[in-house]
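For clarity, chains are labelled A, B, C and D in written order, and residue numbers in each chain start from 1.
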Amino acid sequence: MSTNLVLIIALPLLGAFLLPVLMRSSMAIALWSGPAILIYGCWIIADLWLSGFAQPLSVAIGGFAPPLGINLYVDSLALLFAFAVQLLGLVFWPFTLDQESARRQSLMLLLVAASTGLALSGDLFNLYVFYELAAVATFGLASASGSGAAYVATLRYLILSGIGSVLTLFGIALIYSQTGTLNLAHLAQLAPEQLHNSLGLTAFLAILIGIGVKAELFPVNTWVPEIYATASTRLSAFLAGLLSKLALLIILRLLLLIFHQPEAAQVILILGILGVISGELAAWRAREMKRMLAFSSIGQLGMIFIAMALPDGKGMLAVLALSLHHLIIKSGLFMLAEDWGGALERLRGSAKASPLGAVLFVLFSLSLVGMPPLPGFWAKFVLITELAAQVEPLYLLGLAVFLLATVVEASYLFRVAATLYGSPAQDTLSEEIPKTKGLSLLTASLFGAGVIAVALLIAPVGDGLQAIAAQALDVDLYITTVSPAVSGGSQ
Amino acid sequence: MMLTLLDELLLFSGATLLVALFIGRGLAAGWMVTILYGGQLLALLKMAVLGYEGGTIASSLTLEVMGQALSWRFDALSWFFALITIGSALLSSWFSCGAWERSYIRQGGNIWLFHTAMALNVFTMLILLASGDLLSLFIGWELVSWAGFLLMALAGGVAARAAMRYITYAMAGGMAIFGGLALIYTASGSLQLEAVTTAVEQMSGAKLWLLVILFGGGFGVKMGLMPFHLWQAPAYAETPGPGSAFLGAISSRMGLFAILLVLVKLFGIVKIESLKVPFTLIDARDLLAWIAVFTIILPTFTAMKQNDARHLLAWHGIGQGGYMLLGVVVADAMGGAGGLLHVFNHATYQAALFMAVTAVIYRTGTSDLNKLGGLVVRMPLSFVVLLIGIIGLAGLPPMNGFVSKWLVYRSLLNQGMPLLFLAAVIGTLGTILSVYKLIHNIFLGQLRVEHEHVSEAPWSMMIPMLILSAIIFITGLMPGIPLEWIASVLQTVGLPVPDYTLGGVESSSGSLDMIWVIGVLFAGFGVGALVFYSAGRSKRVHQLDNYAGGHFLSADVRYQYSDNFYAGLMHLIGGWYRGSFLWLERGITSLVEFLSLGMQGLYRRANAEFYLLTTALFVIAWVVI
Amino acid sequence: MISAVTPELILHITAIGLIAIGLAGVVLSSHLFRMVLALVIAEAGANLMLVLAGYRWDAVAPILTSRAEPAAMVDPVPQALVLTAIVIGVGIQALAVSILIRIRQRYATLDRKEAAERMDAEIAATLGAPRDISQEAPLGERPLPPLPADQINMRGDSP
Amino acid sequence: MSATELLIELILMPLVAFVVGMMMVLMMRRIAAKLQRRIGPPFFQPLYDIVKLHSKKTQVSHGLIHDIGIVMAMGGYIAAETLLPVPGMNGIAEKGGIITLLYLMMIPSLGLALGVGQCANPNGSIGIARALTAMLAYDIPLVIVVFGVAYAAGTTNLIDIIAVQQAGGFETWGATQMPLLAIAGLIAMHASLGKQPFEIYIAPAEIATGPMVEMGGKYLGGLFVMQCFQLYTTSVLYVCLFLGGGTNWFDFLLKSFLVLAIPMSIAYLFPRYRTEDLLRLMWKWPVMLGLIGVAFVFV
């Protein structure tokens, strides 16, 4: 059963390259093969989850033992994210039928494969490879719309991501020169002696900034507004909702398993706070819906970085809750932005045209801002109580910034809600007012139902998340599951 | 799961919400919702009769989420506020049924949304009032502020802008409370009320100061206390008729309920008094008292300058809030009773006044004080309701407003606070002046040509107004009735209880017996009438048959003094209206605007790679050093 | 560490130097193509750094032949890693150049500032939003417009 | 204090007040006359005026509220009298303290304001606006003074205040204990009477006697009655607060007439203040004196 786990990476990869060939022979099969692969992937994970998934397991790829070979480390956290990737891949599948669809669908499969790899992989260099694979797939998809702006945005993003990968390579080289291994479990064992010095810290920070590019870390997220404004909303939903979380997951794994120095946490905290400030304030001035959502996702991810910076893993539950909540809400909002993407002024009075869309927008904003019964409130509550427990002034500053950011967030989100429900300007004709319709409205209402479901059964969901967080925190559990396979590798 | 009385009430209120939500379209919906509010009132009264031996009625529903226990229970404090909430909701929705509903629909209003918003407000307020621990208090608080936003943003246009401004203030307040909640949670380990009280004992001065500021500020935003009061007047005034009556009566008193629950019951006035403001003689209690007093004076004198009746009343709502806080903060036997009685009294006459003004708007179409006048001839009953309302608002003897203000003054006198006493009296005098302007510009003076065929407000609107006026007079005549509820409230909150009689309050240093005072007053009116009517019959003349310095009056000449009503007074204090708080608010918004412009510039024009390099260099340098 | 100027140290310094040159090239150049080239240099530096991680002074290349094993071999793992890194690098550079050609066709310019300006204009056009305020035109028109009529009432000119 | 005795008191006190009030009005006119070198009206002139006004044939009314306004004006003061303890008769003074009395004295001015409002004459409305502004002006020092006295005596019950002052004879009078408060009280009382320097709201020249513009016949008669009560109540209040009330009728009446004589003699020598000057004057000196007086009470 553990062997076919590798399939969820292998099959999309295979599909990605076979699709153009299939496209030529018969359009029908080609069109449905992509979603079929994803559904099969979801089924595998669900089957594994339902068959009682207590202990995490490590899958050695190609039979090579971990210190040399690459292993997939599957604990409930990784499985959760892998399932999310398959599901969202399916939800955001580019069904539009145009001459570009073959290229888009294969790139999408590539992106899904890379993301699943990011979630499951247990080897540092393997993570780097999947990270680059995902980057290439994103460049392809982002520039698919063919407009000049898309190309310039993709190029700027490419250069940024290129520098990021240079820094990551630099970090990996440093780590390898210090410890001689790249397997995460092995590194976790060696870390206390070899990596807890300034060189180890430099390596971590280099990787942090390198991977931070995709995780929308403060200084390196200048590409976010351009890409989300020019790329198709489905792609930006996938990027904002999921890919940034996976990059975040890597940094989290590194922080938990290998680098326990307080300086690392402080750097993340400072960058997180700056991210929140810049994201929320920029969103306050945004004129278009897509750009506003882009800045708001920067702000939200800044908050998750603040949660991650809490010492000795206390923030783990907050990180998990915030990222899952943000995933659902941002995807829903982007789905609404598919039809309401343009300028906010044009949206005036469109609540009458599409009441369901407006109600969903209000529901998502309320949860994002943290109105009590909705899950957003519980995520914020967990973070707030952890932050307040700290003593150092920096954490209290983080708390204050977090609270103020929520106020700014509420004001710009509800300014949009007010224009939605406002009366349309006299001269606009009724059919000019944008209406949410079709598939995007369906998916948005799916996410809305998800939010309400989580709000209703918040108690079991909360305990489930706590269990996942506890398991992820457990470093020596990580080492023991992988180490029996290590069988006396070079200590 | 045995349904406790509290569950019945909450279920009833939930049912009202569902009824309004699903069958709110038809014209009968209004009446059904009103009857359901009546049902809630009965459930509440049943609760009072049966429930109160054990002090609190716990709800059977308890939630355990993420390690936090959530429980809901009702005690005398929540019962008292719930009574006012449901009472004002019942009368407001009764007022909205029938004629007003038809005119609101004709003007394009969405009556279904109105009834749902009102029912939602009542339901969320009951949840807030029933909160058993700090976390459920915060949940209720957020729900109430969002439900309020819905009711305020209903009318669109100016109302939506006012609601937007409200939601920013409310979110700021909510987040301050959330911060305070987190600090308490870390100090006491749990948010249950008992644990919090023990934690507060050993808390150090600075941290307690932070908590008082956070909670005081957070709850103060909803009450419209001084620095955060700018949003309340436009928001309440622009809400559709009965909505503003409901909001004006009870909505901002939820802030006082929370202050009573947290600052007075949990922290305790003694603890608050022990907090000294550095470098000054005053302590936290005096600070709160002075904020309350400024909240009395400044909004009242702003109300005097308003040209719209609804705005004038809304500004007074803020001013009267100051009295309640002042009474509660002085916290001796008379003060506490005065503050709480003022909550009840204010709810009655504020609702009556808003309804009367809505009746005038219903008939004449405008509430601009410079476009009305002389309506007493055409709308006598509305005049009577407005007259009783303004006598209550000004706090003159026959009405209930006088009793609560008398109690607040007596407590200030007992505690020996001359400056606070003086400031409170200035507030009252300001109220009398601006209240006379209200009744003069609407009902007295010259009747305009276009209003000559205006008829009295329809009965569906008139009955709730008359009921409210009756309540105002009866509780004025026999303040003992509300004082009895307030006595049990004061016990739960831990303030001293005055010994009250049916007519008023007995105390060694001067007591009050309203039955005698009003009896003598009406006897005096009787004698005066006797003397007056014993003389010859008087001849009724037309309003244009008037002294005009020998000049003949004609109907087209506007012969009414209403604009810049207190010219003499404004001549002296006109210069003081610099709008300093408005300037403060504008300053903060433009600061945020400027910062956000800077941030957006950061993302658009900046050279992305440059940032990456600088961060990498900075981080590596920092690590090496 | 500075005292023993071993050849290994020199190689490390060159690797870091290459990365630094690459990054500086990206930051300073104003022409998009020159930025891509600088990126190539940086990647070469990173790859060199990676190879050096497994380097031992007196060892030989890790190639197993039929003859008996030589005394010391260089650690083969980083060399395998470098292979994949180079492949990825080439892939990205090829993509970058193809995008450059597309930009040239669309915008007829490869200057960074101008391309960014064109992009902004096009985004604003597609999304239909008014161009946001640039540094030249300050916020709002000067002098400030008078308050609209309905605002005045809301202002309530409180003291 | 059986019910019948209380009833008799409740009837007797207003009558006494009316009679004494009329004599006070007479004294006021006599003083005015002496200052203007003329003899002044005969003894029963105030009574004649009231009877003449009430028996006029043409009584012009502008509506029900116009009538009710006058009734409230008279009734308010009648009720206020019962709260004012006089030698031998305490009425219901202990049922409502000094704050209630102050509020009851506001009822007549509100009643008058409503009545004048109904007359639909802008002169009347302007007059009322100025009257209410004047009330705002003189009430602030009055309230400071009342606070000082009540805090010194430790009670708001007028009977106890008088008892405290009478305990030590002349030394424990309010005026001797708190001289500053007494002076401030005198100025405030003068302003509340609405006589010459402070009668901007009845200015005959500018606004045709302000509120009185539409009052004729029994309406003006009612206002005359109100004036009698007003003089009586204000002077007796001052006597109770500062001059230790009346041990017996003779010294009580002597004190009240003396107290009233002071403002009356000052009144007819000054032209009128404008509204804002009235405000500025009232908020500057009496308030300053009052606050210092209260500070002394605290010391």
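We take it that a contact is a pair of C-beta atoms (placed from the backbone, for glycine too) under 8 Å apart; a residue touches a chain by one contact, two chains touch by 3 or more.
Listed by chain with UniProt protein names: D = NADH-quinone oxidoreductase subunit H.
For clarity, every value in this text was computed on a predicted model and none was experimentally measured.
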If you tally the C-beta contacts for B-C and for B-D, which one comes out higher? B-D
Chain whose Cα centroid lies at the greatest distance from that of subunit B: C
Which whole number of Å gives the spacing of the CA centres of subunit B and subunit C? 58
So the centre of each chain is just the mean of its C-alpha atoms; given that, what is the distance between subunit B and subunit D in Å? 36
Averaged over CA atoms, how far is the centre of subunit A from the centre of subunit C? Could you give it in whole Å? 22
Quick check: how many Å separate the C-alpha centres of subunit C and subunit D? 89
Residues of subunit C touching 2+ other chains? 23, 26, 35, 116, 132
Shared-contact residues (touching 2 or more other chains) in subunit A: 156, 159, 163, 285
When you check every pair of chains, which ones turn out to touch? A-B, A-C, B-C, B-D
So in the complex, the part of subunit B that touches subunit C is made up of which residues? 157-158, 161-162, 229-230, 233-234, 298-299, 301-302, 305-308, 311, 315, 576-582, 593-594, 597, 600-601, 604-605, 607, 609-610, 612-613, 616
For the complex, give me every residue of subunit B touching subunit D. 374, 376-377, 383, 387, 391, 394-397, 402, 406, 409-410, 413, 416, 418, 421-422, 425-426, 429-430, 432-433, 436, 439-440, 443-447, 503, 508-513, 516-517, 520-529, 531-532, 534-541, 543, 546-549, 559-562, 565-569, 571-572
Can you name the residues of subunit A that touch subunit B in the complex? 156, 159-160, 163-164, 167, 198, 201-202, 205-206, 209, 213, 219-220, 222-225, 263, 267, 271, 277-278, 281-286, 295, 366, 369-373, 377-378, 380-382, 384-385, 387-389, 399-400, 403-404, 406-408, 410-411, 414-415, 418, 421-423, 458-459, 462, 466
So, in the complex, the side of subunit C touching subunit A is made of residues 19, 22-23, 26, 32, 35-36, 39, 42-43, 45-47, 49-50, 52-54, 75, 77-78, 81, 84-85, 88, 91-92, 95-96, 99-100, 102-103, 106-107, 115-116, 118-119, 122-123, 126-130, 132
Can you check the complex and tell me which residues of subunit A touch subunit C? 68, 125, 128-129, 132, 135-136, 139-140, 143, 147-149, 151-156, 158-159, 161-163, 165-166, 169-170, 172-174, 176-177, 180, 182, 226, 229-230, 285, 287-288, 290-291, 341-346
